[in-house]
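Take a look at the structures listed below.
Okay, so chain A shows up in both of these, paired with chain B first and chain C after.
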Partner chain A sequence: MMSMKRGRLLTLIVVACLVSGLIMTGCSKPPAGNDASNQPQAQEKVLVLGYDRDAETLNHIKTSWYSDALIYIYDRLVSRDYNFNYKPGLAESWDTSEDGLTWTFHLRKGVKFHDGKPFTAEDVKFTIDTIKNPDTASPFAGDLAAINEVVVKDDHTVDIILDYPFPNLLFNLSNTAAGIVNKEAYEKYGDEYGSKYVVGTGPYIFQEWVKGDKIVLVKNPEYNWGPEWMSNRGPALIDKIVLRTIPEENSRLMELETGGVHILRNVPAAFVEKLENNAEIEIVKGSATKLGYLAYACDKKPFTDVRVRRAINHAINREEIIQYVFRGVGQPAYGYLPPALQDEYYQDSEKDAYKYDPDKAKQLLAEAGFAGGLKLTLSSDNSTENSRLAQVLQNQLKQVGIDVEIQLYDSSSYTAMLKEGKQELFIRLYSWPNADILDWFLLSSQSPYPNHSRWVDNKTDEMLTKAARMATWEERAEEYKKAQKYLIEQAVWCPIYVPDNLIAVRKEVKNFKYHPWMLQYNDGFDLEVK
Partner chain B sequence: MGVQALLKYIIKKIVTMIPVLVCITVIVFLILHLAPGDPVDLIVGPNVTPEVYENIRNKLGLDQPLTVQYFKFMSNLLRGDLGTSILQQRPVSEIIIERFPVTLELGLSALIISFAIALPAGIIAAVNRNSWPDYACMSGALVGMSMPTFWFGILLMYFFAYKMRLFPISGYGTLRHLVLPAFAMGLTDAAVTARMVRSSMLEVIRQDYIRTARSKGLAEKVVINQHALKNALIPIVTLLGLRMGWLLGGSVILENVFSRPGLGRLIVDSILARDYPVVQGAMIVLTASIMAGNILADILYAVVDPRIKYN
Partner chain C sequence: MADNNYLIDIQDKPSSSFSDFRKRLLRSKGAVFGASIIILLIVCAILAPLIAPYGYDEMNLPEGLQAPSQKHLFGTDELGRDIFSRVVFGSRISLQIATIAVGVSLIIGLVLGALAGYYGGIVDFGICALTDTAWAFPMTLLAIAFIAALGPGLVNVMIAVALVSWAGYARLVRGQFLSLREQEFVEAARVLGMSDMRIIFRHILPNSLAPIIVLTTLEVPKAIIVESSLSFLGLGAQPPTPSWGSIISSGRSFIDTAPWISFFPGLMIMLVVLGFNLFGDALRDALDPRLKD
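This part shows the complex of A and B:
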């Protein structure tokens, strides 16, 4: 009797172990092809990139979170070289009618999609029409609002007809969001496009996506239509790119140090010193097209008074912030655009702006009737850097008699709070390589969100609208400069810093070239393999 | 034990599960939708016209009253449809099926490691009560219990992957990727289990029938292995079923530290992005699994202890 019961118990345990063992082997068996990407065969060059966040979908028409994979899978009509100049991409050349309303694009011949279908004007029309179709609800639709119609002239010529002159078209067509899709494939795969199937003309072909883990791209051996400004216009030298998602910052850095990852973008400033001491890693720094600023609800008291806004600008010691919050990495900001946007940036921003001058700040506050000081709230998202920035700002504002109470939010709640309009002082950082960011944040029609400064001003509207609709890129840039000058005068924001792009690159990567917006791994980048 | 009685009991249990599940859907739904934040912001970013924004809200049905949204969600659920992810724009069930095995794999291997260590340690401690092996095992257990799993995971990663380079730092796919997180989760859990085994064993050793076994001259080994252990294990084995929640939900932070694309990470990411359908779907699957675990515990209990009757 005893032994029988014992036997039953034993069997139970054994069965439990077996079942779990079976499930485990079932689970841990990697899908075919997966193993190869982790343990490359000799000579295969596999470049591994680390990211904090996975793509949501690889259908760029339906997302606003653009995975870097999209840069390499797709080509765009227009490309942007290392100095932010607009250069031919899938379009060999383009010309504009005299009224600036008709843009004719001459398309490159002999380009093929990854599935073998030749690239034609139909694909261009399809891509733009799909983005603009209200049923698609593409986040990018607004950027192409100026386009009235796309007309296919022949297989390799396409006319883009505009409602009003819009020189920024070149920028929009060179964006990740404007990658040209394959009409046939896009229609054929329907809802599965972007997750199981992705077809472009780019230097890398989509191979596999293990959601939450990695995206694997293999090189396109037929690629020979790289833009003219690239030293390598043919197939990439690196055979495979693996984009890994590693959410923990520390794990990402350890992966980089042990060689599990070759390149990390957006390295936190706090780690720079440690990595710079590592002989296997180089830190590439470049000015980013980002701007961190302190903003305030301009329609609320006391911010309705320009003297208060200027006082806040005078109260902020930007050098100190860069030193203590960003460990010396980055530049103080005085204007409303990042200086990396060479054409559009107002060069006299610093000269016109409000220097650190606490006495002047106090005086302005007194003039505005706040000699006794002010009590305000300062909101921020709860990221490490921004919460530290909030504390330093709190301290600096206290010096001029402004007492602030800090309120931290997770990013979703932060957006919701701004939409509700509860903010007084608040911290923001934008990342965008074009002057049209000012339209988004400061036009009256965008208030209360995304114009969360609640800046409603006719003159600003006039200036920005005029700038956007100038006939040429140069005239447009001039008008945007005037607008920036005016914004400085009005102290609509308090610009604080332009962060540096910090890219950590392992020494196995050869020919690394910094690009301010899209790293071009097919442009002669090479990888040393053991 | 009557098989029929047990079956009847299980069916009864399953029926009572339904209202609990419905309650869970209401709670999860309300908490998510009443929390500030809007998933559409994450899809579109700030650079979007109000028309597109409204268009997307309308497509997702987010512009309808909460009650309408809830009943739509429930009627889809009853047809076995968990909905479509707002951000990934794919069926939620597909997303969960991808993630579930990743979490299960880690949970089960941790469980095996935990029991493989806790059983011998607990028995040795109990048999040698108040002597050095007992102290050694129990102080080890105390250390393991006091250490947060994620911290232990980082330590293992630091020494075995970063310093000694024996394992990959993070990632998923091969057995080598599994070793460190499984040990991090398994060892910390072994601490708790070992203490349970020890106390349960001690209780049994004090029983009269053990004294009888000893006094009739049986070898100590036989007394422990055949008489004591079997009965001491009853509460431990039944706890296996209740471990279901820990198995699936206990590795959330570890999944982040070791970048494993599991269910826990999916839930956390989706909560932060307010991807309502994914959070709802994942919570329902998680709740249902935990309930299934409870039923399993009841069954195990009946299997290992013939004194239990179900009515």
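This part shows the complex of A and C:
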């Protein structure tokens, strides 16, 4: 009797303690949480962008992999509007001397860096000099090779003096790699610049970078120097941008569907149908300045023989690839540049190029002495789209007697393999809005990497160098067209497709505009918050 | 059955105990089910070209992403290949892994375990340290590390699987040898002046075979899982080789529009692993002297 009673009492006490504890914690929480801190958070507009890959560094001078964060953090001297025209950026205007060798840039006044320091001509000189300094080892240095000297005239005027005429200067200065850095901050932070400290003049300020996870940017409230062609030239409408790295394709899409990510670019074509059925997501399509191609090590047998290279070009059925690998999204490619580069693209590419013709391919192979067939390897990165493409190519090449063994690599070991030069046939996709991409990939001096097709040819060198140094943009374009015609003749690559840019945008994002180059320019897009 | 006969012969047991063992094994439903799946897998692998209606890399692009039908029993993938044919051919890869990779790891484990157990002392110490180190790593993770060093491909996967799964055998064999080497028949052999090799291979090893066979049956499904995982990650069989893991992986993008691409190879992996496990469990019970009667 006694023990039972004592037991009950004990239970009662314990229960009472638990209940009162629950009540107390329940009571104390709401005032602290709901009213004070949650309310302002709900009003903050946070835009989340999803990526497959993290930045290498946010110091754009020292990388060739440009995170989109750089678009928001920095401004450039020159900007490009939706039609690819060159428009003022940090430079209000510019003029060229008669011989085309001196370019004078008049800089915008009243621009401030994120740390409060005013933007001056010294920063422009410092940025260009740092890129060109051999000790920096900037991947972008070659693009500014034409520049001899940068002369500061006064705080807001700077002269760029060239060694030879170089109409492409405006393009290079509008590039993400040419964002203007703050001289003082860059020198002060040394090696920590680009990871812990990043200082620009752009519409967003760097706040935090958790490597492999996210980059956080907050809006620059003082910003009022946006390019004139943008609908919003003042401070950004969105308070915070988070750039998340989500390497796995399916997780990235799931995050988009559940609202964890607002904008996703490079959506694989296979997902388009599914996303289009989702009322909360809009797919924005636009022609990309990209080119997907099959390449081969031109210095190795049998690719030294132009007939073999042409045979491969004849063996590829591009329409079939577009329809079944890319689910009808994109266009077949015949030339070496994407047609979106209207001025520079060689319009007769398709006419001159090699049509799908398996019999012709077999005949060419027989002439080259490979009537009995060929055994080759085909390398690719292991993305689902490229591994699918590789299998279809394998199938198409088999029809003309080329037996191909597929070798897939993850993206970093793929680059390493190409640098080592182990490739025979391989698949690549480039993304670049200028004809100088041909210099990058095909000049002898770029072999063996990035000239991974190992194309070493004097005539190509002559033609490309001549084109780059023409006095005007128009003459330059004409020369590049001649070079493209020659490359088609030589079948240096086998161009396959020009993909469309597929960007998935959630409905909460307002005023999203498609820009073919800087895909997420801060052109006044906004976010609806519940 | 022939296999079992052999097993018993070298075990030096009277044949009455074999029929005993067979009775006990066949009484277990799991063993029968497991054995039928294993036999089915072997038949599939050997007769693949006869069973499969299409080639495993035969593309028919306009027929991509078709649901299962009479024409395509398991449907087609995004490139119009018949999933049934690919799954049937895929059984060859799983079986290859099961025999070659497990076989190699068995040999490594057996030799190291026997040396450690028989000689003891410093040999034992060294081999044990190595075994414990290998044992400490998760199998798949270590296999990925080996693939990173060797490069992707089916042969390298076999090497990797063999190199990550020998530790279990080494430990088991060492234990068996430790207890058996003190037995009278071993001492007798030694007194008769037999060489170490002869004692190890003719006298001790045959007497420790039963648990090794059980362990092997249980290691096979693990090896199949590791191979599938590596192929799923793109580190194993290269396309268009129809490894079950890589078929599942290629179906990921279509999981809600064409779930059959990933479903059937997934089902096969599950069945085969289940089959081996059930059979292995039943085999262990049947061979365990303590469970007699």
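One rule holds for everything that comes next: the second predicted complex is superposed on the first by the 479 of 530 C-alpha atoms of A that agree within 3 Å, B and C clash if a C-alpha of one lies under 4 Å from a C-alpha of the other, contacts with A are read in each partner's own complex, and residues count from 1 in each chain.
Assume a residue touches a chain if its C-beta (ideal position, glycine included) is under 8 Å from a C-beta of that chain, and two chains touch if they have at least 3 such contacts.
Since this is a predicted model, take the numbers as computed values, not measurements.
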Partner chain in contact with A:388 - chain B first, chain C second, else both or neither: second
First (chain B), second (chain C), both or neither touched by A:323: second
Partner chain(s) touched by A:213 [first = chain B, second = chain C, both, neither]: first
Contacts of A:260 with chain B and chain C, given as first, second, both or neither: first
First, second, both or neither for A:415, with chain B first and chain C second: first
Residue contacts with chain A in the superposition, chain B compared against chain C: B
Partner chain(s) touched by A:194 [first = chain B, second = chain C, both, neither]: first
Touched partner set for A:336, first chain B, second chain C, both or neither: neither
Which of chain B and chain C A:51 touches, first, second, both or neither: neither
Partner chain in contact with A:249 - chain B first, chain C second, else both or neither: second
Contact residues of chain A, present in both the chain B and the chain C interface: 250, 410
Complex interface listing, chain B residues touching chain A: 35-38, 41-49, 51-52, 55-56, 59, 87-90, 95, 98-99, 101-102, 104-105, 108-109, 111-112, 154, 157-158, 161-162, 165, 168-175, 178, 226, 230, 233, 237, 240, 256-262, 265-266, 272-274, 300, 303-304, 306
Of chain A, residues touching chain B in the complex: 2, 5-6, 8-9, 12-13, 16-17, 20, 23-24, 26-28, 30, 34-35, 38, 54, 56-57, 59, 62-65, 134, 137-139, 141-143, 145, 191, 194-195, 210-214, 244-248, 250-251, 254-255, 257-258, 260, 410-413, 415-417, 419-420, 432, 440-441, 449-450
Residues of chain A that touch chain C when the two form their complex: 249-250, 268, 270-271, 273-274, 320, 323-324, 382, 384, 387-388, 390-392, 394-395, 405-410
Touching residues on chain C, where the partner in the complex is chain A: 57, 59, 61-62, 64, 78-80, 152-153, 234, 238-240, 250, 252-257
